[in-house]
Amino acid sequence: MQVEPRVTVWNEFHHERYRPESAAVYPHGIHVAIRDGLVAHGFADVRTATLDEPEHGLTQAVLDATDVLVWWGHVRHDDVADSVVERVKRRVWAGMGLVVLHSGHYSKIFRALTGTPSDVTIWNEDGERERIVVVSPGHPIAAGLGRFFEIEMEESYAEPMEVPNPTDLIFVSWFQGGEVFRSGCTYTRGRGRIFYFRPGHETFPTYFIPEVRRVIANGVRWAAPEASRV
Amino acid sequence: MQVEPRVTVWNEFHHERYRPESAAVYPHGIHVAIRDGLVAHGFADVRTATLDEPEHGLTQAVLDATDVLVWWGHVRHDDVADSVVERVKRRVWAGMGLVVLHSGHYSKIFRALTGTPSDVTIWNEDGERERIVVVSPGHPIAAGLGRFFEIEMEESYAEPMEVPNPTDLIFVSWFQGGEVFRSGCTYTRGRGRIFYFRPGHETFPTYFIPEVRRVIANGVRWAAPEASRV
Amino acid sequence: MQVEPRVTVWNEFHHERYRPESAAVYPHGIHVAIRDGLVAHGFADVRTATLDEPEHGLTQAVLDATDVLVWWGHVRHDDVADSVVERVKRRVWAGMGLVVLHSGHYSKIFRALTGTPSDVTIWNEDGERERIVVVSPGHPIAAGLGRFFEIEMEESYAEPMEVPNPTDLIFVSWFQGGEVFRSGCTYTRGRGRIFYFRPGHETFPTYFIPEVRRVIANGVRWAAPEASRV
Amino acid sequence: MQVEPRVTVWNEFHHERYRPESAAVYPHGIHVAIRDGLVAHGFADVRTATLDEPEHGLTQAVLDATDVLVWWGHVRHDDVADSVVERVKRRVWAGMGLVVLHSGHYSKIFRALTGTPSDVTIWNEDGERERIVVVSPGHPIAAGLGRFFEIEMEESYAEPMEVPNPTDLIFVSWFQGGEVFRSGCTYTRGRGRIFYFRPGHETFPTYFIPEVRRVIANGVRWAAPEASRV
């Protein structure tokens, strides 16, 4: 029988403690907002982990009890210990799902799994309107969405994002200021499924938006190992 | 030794004869504008063919002497004889390159080769600004381009376009009105290479724009069979 | 809630009626053997359809009530009406799964969906040992299998098979006589998932082999539309 | 104008110095045999580099003057300095081609670029017959080959090889002993093209075989950056 996937939401948890604009939006941290969204979508087993915990909260025991890991990082990628990155990588190879959010594209773990720079060299934090357009409507990660949804204010990213061609491209973002971005990309590495999803600047309430929460929930479900995919 | 690819530019050649706005922009037909662009890019052997010629100008002899076929069609897809579609398809399978432009996504030949509806259900002919963003800067079809280029007025298309995942996604378009589109897509079928390139509404002077001409030239070069890829 | 997928097993049902060696192995037809395998794997709603029924048993009503269609054909591909092929194709585009078996690679429906010749030009019906090796052990279609399984006597196919690159290559066959073959290939067309699985010559009891039955059951589950994937 | 690609053939050069069976076959080292094969195929600028040279012979200056790097390693992967691996990786991202041979699948550089274990857990050094079957006959790496070619005695590898799905699968090997292997795989990382080619055990004269030399020459040509692809 299939069982509910066990999810760990990881956050560097830096801006929300040191930057008032971020604390105002995410007083308990981005990880808590994401966790709450998953719980609201019916996930029963969702824990959190943050950078400053011992071993970043990602001990071998925690990873062994995690079916899908959600990753948010931005300014402290370099503070993540290589030994923990290696541990996460091996769990992904063994089948753990990984959902990488926003600036996590440049995290050590995402770069180690893609084998590319995974860089985005142009961005704009002014808060433009972002329209996230579904290009693969039949993909389970797009389930329950319309043709597109909008985020009133977000940081924009510009192409090229230096990643390998995704297996499936689920979303492309349109930004008011003239940019586009491949905002939903899937990969497989070893037995593990990886989903990159773009939105989520730390000063905008993105992770409270219903469609964003739905996409993350869909992504966690899709990335879960077969035995726990529900 | 490599030899110069022999190119045939096919056009249904309807609007330019019957619609004044089109005739004003393309008095000799879209095919002639495309041919002139290829000649300007150094292709020495470029002929044209149109729908109302016998066998649509695509006899077996013409196809056998064609290394890359460029295709423009819009309102008369259904008037293309199935026997000619079959003939073109078999030449692609045998190695002829195919560059499909604009509304050619819905041509019989492109649909037969993709195996999908290849449909675009939302479009807007008002003439929006289109920004064509390079997402695969290392691909030969993007050679010589900057990070993006713009077309002042174009018809817009909206996703989803119902095609298989392209092997490489070269361009994504941003439209002023809020849409995005996968504007440069590559496929392989049998030994033949296929490149779909979006721009080219019949009432806008798109095929005179230097960057558009460059992309079509790059696409023809890329799609040519190995022996004639120069 | 997810519901059980409704499966239709289609067979041209020719050899088993006219060729004694086939009738000896499959007295009720290949379709019945496949159906029995699916029922043994817990599928509750499995019907059959054959070429000589009106509309080949594939009326619009039947297709509308089918979540996954399994296809076996060999010598009578040309007798399948184009109108039925078109109907099946549109159902796949709309989300129906399709599992194509053995010489079904050359069926009208598979060729229409791949856009390629889908041909295999060398084969040997002498009955060699086939070893089916799992190259994507993490894929749900390989669930429950070991590193490989063997079929004591099968027809062999030789590469190249003229198909587009599969999204995932699940199995590669090794044949005693020196050939290899991409025996498990997945594709997506529109919203429909397609799985090609090689084994199944009409004079060998392939569809009674437990591992073969398991693969077909896995394939049907994988190809089912999201709402009925169990 | 296109110019001739500058090639560097790298070898750990260990077996040939310390193992008589290897020295007997490759008295000057595997790298020299590979270089000679490339020179025979018309490459004019081919140098070699080996592990025990300072910086393994791969200084920044050497890499900057290299368009395609060929890599052979086996028992001393761990002796390659991480700083050199990082340097090679960045050159690949910037456009340098990489041809990885045989047990190089487990080299630090290939693993860093694939993002996977890239492991092969079963092999046999007894010297079986290997038949290398072309599955993508239209690919430039298969140019000039027949449907397959054979190597009388080679080490065999067994699937699964833990790599990402290749962009193109060019060759599949059949081994006398019952195994198959994806022997020719292509990838792109950043602007760099990567080709993995399986054969080449250190005690068999594989790199003197005409077809093997042709494949390596084709692979180098294919992997060269656009400006030097000839």
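Think of it as A, B, C and D in the order they're written, each chain with its own count starting at 1.
Quick note on the criterion: a contact is a pair of C-beta atoms (placed from the backbone, for glycine too) under 8 Å apart; a residue touches a chain by one contact, two chains touch by 3 or more.
Just so it is clear, the structure is predicted and the values come from calculations on it, not from any experiment.
Visitor: Enumerate, in label order, the chains that touch subunit C and subunit D alike.
Guide: Where subunit C and subunit D share a partner, that partner set is A, B.
Visitor: Test of understanding: which option in B-D, A-D or C-D shares over half of the contact pairs of B-C, residue numbers taken as the match?
Guide: Within B-D, A-D or C-D, the interface duplicating B-C belongs to A-D.
Visitor: Taking the mean of the C-alpha atoms as each chain's centre, how many Å separate subunit A from subunit D?
Guide: 36
Visitor: Among the residues of subunit A, which are close enough to touch at least two other chains?
Guide: Answer for subunit A, listing residues that touch two or more other chains: 137, 165, 167, 188, 190.
Visitor: Which of line, ring, star, complete or other matches the graph of chains that touch?
Guide: Graph shape, chains as nodes and touching pairs as edges: complete.
Visitor: Give every residue of subunit D touching subunit C within the complex, in rising order.
Guide: Interface residues on subunit D, with respect to subunit C: 131, 133-137, 147, 158-161, 165, 167-169, 172-175, 178-180, 182.
Visitor: What residues of subunit D sit close enough to touch subunit B in their complex?
Guide: Those residues of subunit D that touch subunit B are 95, 137-138, 140, 143, 167, 188, 190-192, 226.
Visitor: Going by the contact rule set out above, which residues of subunit B touch subunit C in the complex?
Guide: Interface residues on the subunit B side: 93, 112-117, 162, 164-165, 167, 187-190.
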